[in-house]
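Next up, some structures in structure tokens.
Paired with chain B in one complex and with chain C in the other, chain A is shared by the two complexes that follow.
And now, the complex of A and B:
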């Protein structure tokens, strides 16, 4: 091609550094080729990250200097030590839907570390490596009558990443908790290259506890939302397992794209609509209190259209039919499960009583059409089909209002969130979903998320999303009606919004400096380190 | 189409990694990955998602197109597993994009030397085996089967390049003729006059090589009054039935794979099995007979938006999602053969793992082809089957070589060989 003059350059690592990496992981697991590196410059929402001023152009964040594929904890440690010695920043990730990283940095793609190390049936623990996916872990554990929590980011994303480094909620929260609650023993390569074992693992007592006997640093490791790879590399983790009510093999039979399959006999999906949001929230509170839900979704009706259809066209036709408006306004869907027919029947009776008390009504048409029930089953228990609702409609989603609070606080934010979204849909920025706020609940709080769909290819849509992000955060902080998911993620956002979040950014900067004195680990996903005091000696060279 | 036509897909890829795995409700804890390319080369760039990024990078002129890009694009069998997995939930076209990517690289002078040699052989000798043209019909020697050139022929059997020139596989084509004639089918072959379907050249990035061949075959078949074209080769089946439709050169006749046709003969009572074949077998779905054999649905239109940003197509587009591939007919045939017991592998039907031989990989990257075949043979052996059965000579060659290299006690057979044994 004659366009080499227009090519994007990147920081080239010295040959001896690359050789050092090759010695560790093998030459075929190291690349500094621009065509390979560009694969690591492109992520979901990267157009927003670059527009925020993190460098790069549109879909491309700045190109890293090299990508490495380590195969073991020991290899990760050795890489990190080289990075410390040569003052090169690194950033690790697993399946990689979202990643920071960028110019001059070394990306560690952990896809070779993909082993399910152990499933301890008796103690209900699974020990996994970074590239084990939700789907693989699910299928491995249900054979033993157990299951792990599956976060809503998709079937092929990493439970280890969710447990150690990012948020980690999902529709199965009611029965499986969520990722930060499920993490037990952790094997952690610190930014210095030292190996730290958290919880009972740290005292040689096995993987069973995250909080001891042994170091209990869950708050430092991940806090609420995780460090997004900004505090080192997590190489193995144990997660809690929960009872699985379904069969040992969960396979949708039939042909793509739907694999209709069958609903397990001791599970049942329910769909109900409510005349008002208030009545819906009354019902949510009671469902929560009664503990009858295996999975739960407060679902904008358009989301159900997307999730239960093969195509956008089909989703639109369903939307236009008015069926969901008639039956599923202010709607909720849930899976009820029981170990016996009697248990399931009891829970069903409780649910019908809740509907009677709150004025809710079963969405009869949806209830009697298996495509809705099976769609919700797969999405809720396995995160299978999530991208029908997330990415297919327009290519991108964002989260504006975000709340993990009591039902009553969520009730307050519901209308404000919708009104806020409407001001953007009216301008053509994002899809007019009619309603907003997806939600579920866990043992500690009700989670509510404003999820607008935008088109990453449409500049107006992208710029509008940035405005939505900023204004929604401002409003939710002012009215105390939310906590802004992204406000706490990434160094740039954290610096901007930290003062509104109990100065959490200061603590994160201190943690960053304490654990990573040479800033060897990419700070962009977490926090820039606190500046050293004038009297403080500089960190020792590695 | 041009690479630029996929720019929207490139930007809207969400890097979900679904292109690397069988759909979540279809996989198991092991053998979950379905893309040979990323399984072998590891870096994200070797997945469909990564190739979307490379495409966007090329269009954005972020890097100089070079041999490294060529390897990235050509180290892929174009097996379509990523395409089905992606399109389960999305409306992107990774496979079509990757085909256009190859064509673009050829235009840029970045073709692969090994594939150039194949194309040269095709241009000179009219086959993809790099053999002199003479002797194409030798496989049928002694069968006394009528020739297409001799007059009307309602039913024609097309052997394809591999079965015509690879002596060790002649038996497959001969068995096909034997079975057809046993059923009383008046079948003709082109013999020495047969030419390549052009399908493999098309996938190597040379779409121009298919058009002339489609035209010529259509004319020959029209002259002979042919109504049904049979073949044992999944690549030829795909070219005749799918690619010719795609390029607007439909043959206008019925194209049937031999496995499906034998089922018809059994249904019609024209063929009966007389012997038992006591054998535990597993079946490998050839990509070109399975997910890629879904009928071509022409579409021309534009993207439009409703509900402000919901993306639709005008007119509505029917995406090929692997729904209508030929998965059941070969299995039905196996199940009908007395004594045969079918043991399924983990990755089957729309999510079958490729044998490794497609997309020019066998010719350009033999080590990668062998790696993929090894993985598939391993999976077959895990079922406990004593025979690995398929319905494409390209698959059989790669899988057979792998089984031989590993010194495994497993037969690698074409379906028609089992049928022949049971007559």
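And now, the complex of A and C:
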């Protein structure tokens, strides 16, 4: 196996292979029509991916050879076995922020697997299939006084994908955890086609645990990030649910997707600004330690503009008004929730005590204008995601500095990361919207992402962002403040960044080889397998 | 990989001499007394004499020992805790093994109040960690009254649940990052400790080795947890700590119905309220608080069938208020369930006294051994709504096996914020009483089998239970074996454990 990406030309699958797939899923769920396949040649920010030389051109990565729509775990297994027998690579996706097609590969579009299999109200567990969205799960669970974590990718994306295969941050991390830490039982079709049921599920005991017997195989399933489809197909997952003491239904009052909603009576939004970043980060650490936040955002001013407006024009006018500069410099926003009035009152008093200690001040105008509270409610709680709001200004965002550790890592990098990006802003590569360090915390880490906006339609902006990305990563490695987001992910990054991360790339390549000896599963999102030794026999046919 | 360790040893001297070169002759033991002390434990695991015991003092020595073992195909048995050991995992599974006694690695290189993180080496016990943390205003998350010699790090690697389920977000907790020497001899750091940079460089950049995920797309600390040393030897670990309580309040709720108390646990964690929360059978509570055999027996006959413990720490900016609203809300919940919380339970068990016991290691002798001198355990996971049914199976099968139900210990520890629970059966017995030994042996077989059939999950199985658990999950067993081949290709790490 070499590390070069597949060719961009369309590869036609043999007719008998297509027939084998049709026999499994039915002819209506198989297509190799080019006009259908082009719909699967997309990738989030493909302009950047293609500019890196990963095949394809600008908006399109190479089209796959066929797309299949399996309807069950068993069908997925049978497809994967055919792929092993015929030496065809496959790649599965759920709601599809990233499709990762590729010439010669078959794409498994899991949209037919869209069931909420179970909501175990007593034990606070939901079992879901790949195409269940955050919005569906959220609204199904709040009827039962529960809620699932909603990752920041947004309402229409898959919580299964977030739990098993991708990332997991979101403004509700303080109360609902990071996605990988919410995983319980998992149904996992291995690259060989075997069905692995993690934890209690494999012992026939139900969905409540994903660990054991003995070593926890969650340890190879994913880490901070998942394998992005590089280690098989996840067909069902059980996730932990959290308490919801708000209303069982939210009524929309506006035009989609900007429902104003109503702030639940057990919740209250807060906005505060601080004279300096140091004071703000001290307050972040204390809010985290006290455990008072239901949602939390270390919120750049421009992001609050996007979150509390319905158009770029409104956001621009708010930005220009100077209100946020006066009240929300070094700002944080959070929602406090309580089971009882006593709980909410206690948390509110603690927050005021933190402000007193750290020199923070409530942003009075924001506090008294409901559009801000509702904006935060919408983006942080109501599964509307921050992603859409933040992406709106230019259509292109990317994490430069990605810090995922203590508050102090972000504090010490705060000025440097801003200055670094500003040099690109000054060159017209990024939008000039001030500092863009967004942050929140889960129970074990403070996550901050520096999120500059660029224009994916502008070649100069695209090339500039690649430069910003590379130099940000270099700076982060040099200062030991962490590893850039994409330095952690995918086959193309392993050899460059793995040696700086305890040689993790070597173990990934061995794991890939061990679990996928025929490289039937697209390796791009995870790792190319370690090369076999000269004396080893080839793997048996699947 | 490495240059040969054995090649540096004079011809014919072998493994023991190589170990002496690595750790120093004073840290290699081949005398019969020392070897015999590692040849068996309190369990029914068959005794096997190791060929040597080596006591490394540094991670580098551990790495050299593992490389030597890989090269010479010598089985290694890592042992962190001091005796008595209970679960057979520290007894060599094969002849010719070398025990790697990590008790001399007792450093606590970092206690970080700001980030609530501490780093411990394998030999550090809870008794040693507690004062070190208290000096910085922190406390460890403790499993249920661990024995004084229990290694903090081993407890985390065994996925022993702690007593504060609200803070138990994940089965991995409170473990964060580890440094491990895999069976290949390679050193690997997990989580944010993986890099970039050395730990010191990371700290200068503000890092605290607190992100217990990664690096990147792996969580190999999860693979090492529950593996009973079959993947490698961990040389340090960082862990989450809790704030040291400035004051503490606790309540007890007694009931004859485990179902009622389990249901209350669910409701409490659904708010969520409090910090410590667990349910003890009266016999277990008696064993924990009773100071001697006579008191244990007296308490056992006087205590109610089950007791729920609810504890709240006064921490943070407003400690008294933190306690007040939670005690009030808890009392309202309990009353809604028809239960009566109390600060004192007859015969004079005070909730705050139990809270104090729960915040430290066991007094000597260890509470599981205090009444009869020996004890077996059965550990499994389930959900809170099934705990009462599974206890009935335990009680029934124990009685069939001739074990006295009155002495049977049982407790339910909600885990992962109440989405599951750890259940622990304790079977105290007198080793010198052949009839008791027979009944306990029968219990281990029949109770475990019945529990498995009823849907109990043996997440961290030991001995025969491990074979049975992995037999029922053949695909997982194959995958674990594949991974074992990657991380320990010469099968030298604690062979024979976890059915590997």
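The rule is short, and it goes like this: the second predicted complex is superposed on the first by the 520 of 542 C-alpha atoms of A that agree within 3 Å, B and C clash if a C-alpha of one lies under 4 Å from a C-alpha of the other, contacts with A are read in each partner's own complex, and residues count from 1 in each chain.
The rule we apply is simple: a residue touches a chain if its C-beta (ideal position, glycine included) is under 8 Å from a C-beta of that chain, and two chains touch if they have at least 3 such contacts.
All values derive from a computational prediction rather than experimental measurement.
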{"item": "Chain B versus chain C as contact partner of A:396, first or second or both or neither", "value": "first"}
{"item": "Touched partner set for A:31, first chain B, second chain C, both or neither", "value": "first"}
{"item": "A:209 touches, of chain B and chain C: first, second, both or neither?", "value": "second"}
{"item": "Which superposed partner A:328 touches (first chain B, second chain C, both, neither)", "value": "neither"}
{"item": "Touched partner set for A:271, first chain B, second chain C, both or neither", "value": "neither"}
{"item": "Which superposed partner A:382 touches (first chain B, second chain C, both, neither)", "value": "first"}
{"item": "Chain C-contacting residues of chain A that also contact chain B", "value": "none"}
{"item": "Of chain A, residues touching chain B in the complex", "value": "1, 3-4, 6-8, 28-29, 31, 33-36, 38-44, 47, 57, 59-60, 67, 69, 95-97, 109, 111-112, 116, 133-140, 143, 154-157, 250-252, 255-257, 259, 261, 302, 310-313, 315-316, 319, 378, 382-388, 390-396, 425, 428-433, 453-458, 461"}
{"item": "Chain A partner contacts - residues on chain C that touch it in the complex", "value": "114-116, 159, 167, 169-172, 176, 186-190, 192, 194-197, 201-202, 204-208, 210-228, 230-231, 240, 243, 266, 270-273, 316-318, 321-322, 324-326, 328-329, 381-385, 416-420, 452, 455-461, 466, 469-470, 472-473, 475-476, 478-480, 482-483, 485-487, 498-500"}
{"item": "Chain C contact footprint on chain A (complex, rising order)", "value": "120, 122-125, 145, 177-178, 180-181, 184, 190, 194-200, 202-206, 208-228, 240-243, 285-286, 289-290, 339-340, 342-343, 345-346, 349-350, 353-354, 357, 404-413, 443-445, 476-477, 479-483, 487-489, 498, 500-504, 507-508, 510-511, 514-515, 526"}
{"item": "Residues of chain B that touch chain A when the two form their complex", "value": "7-8, 11-18, 20-21, 23-30, 32, 38, 41-45, 49-50, 53-54, 56-57, 60-65, 68-69, 72, 84, 87-91, 108, 305-313, 316-317, 319, 321-324, 327, 349-350"}
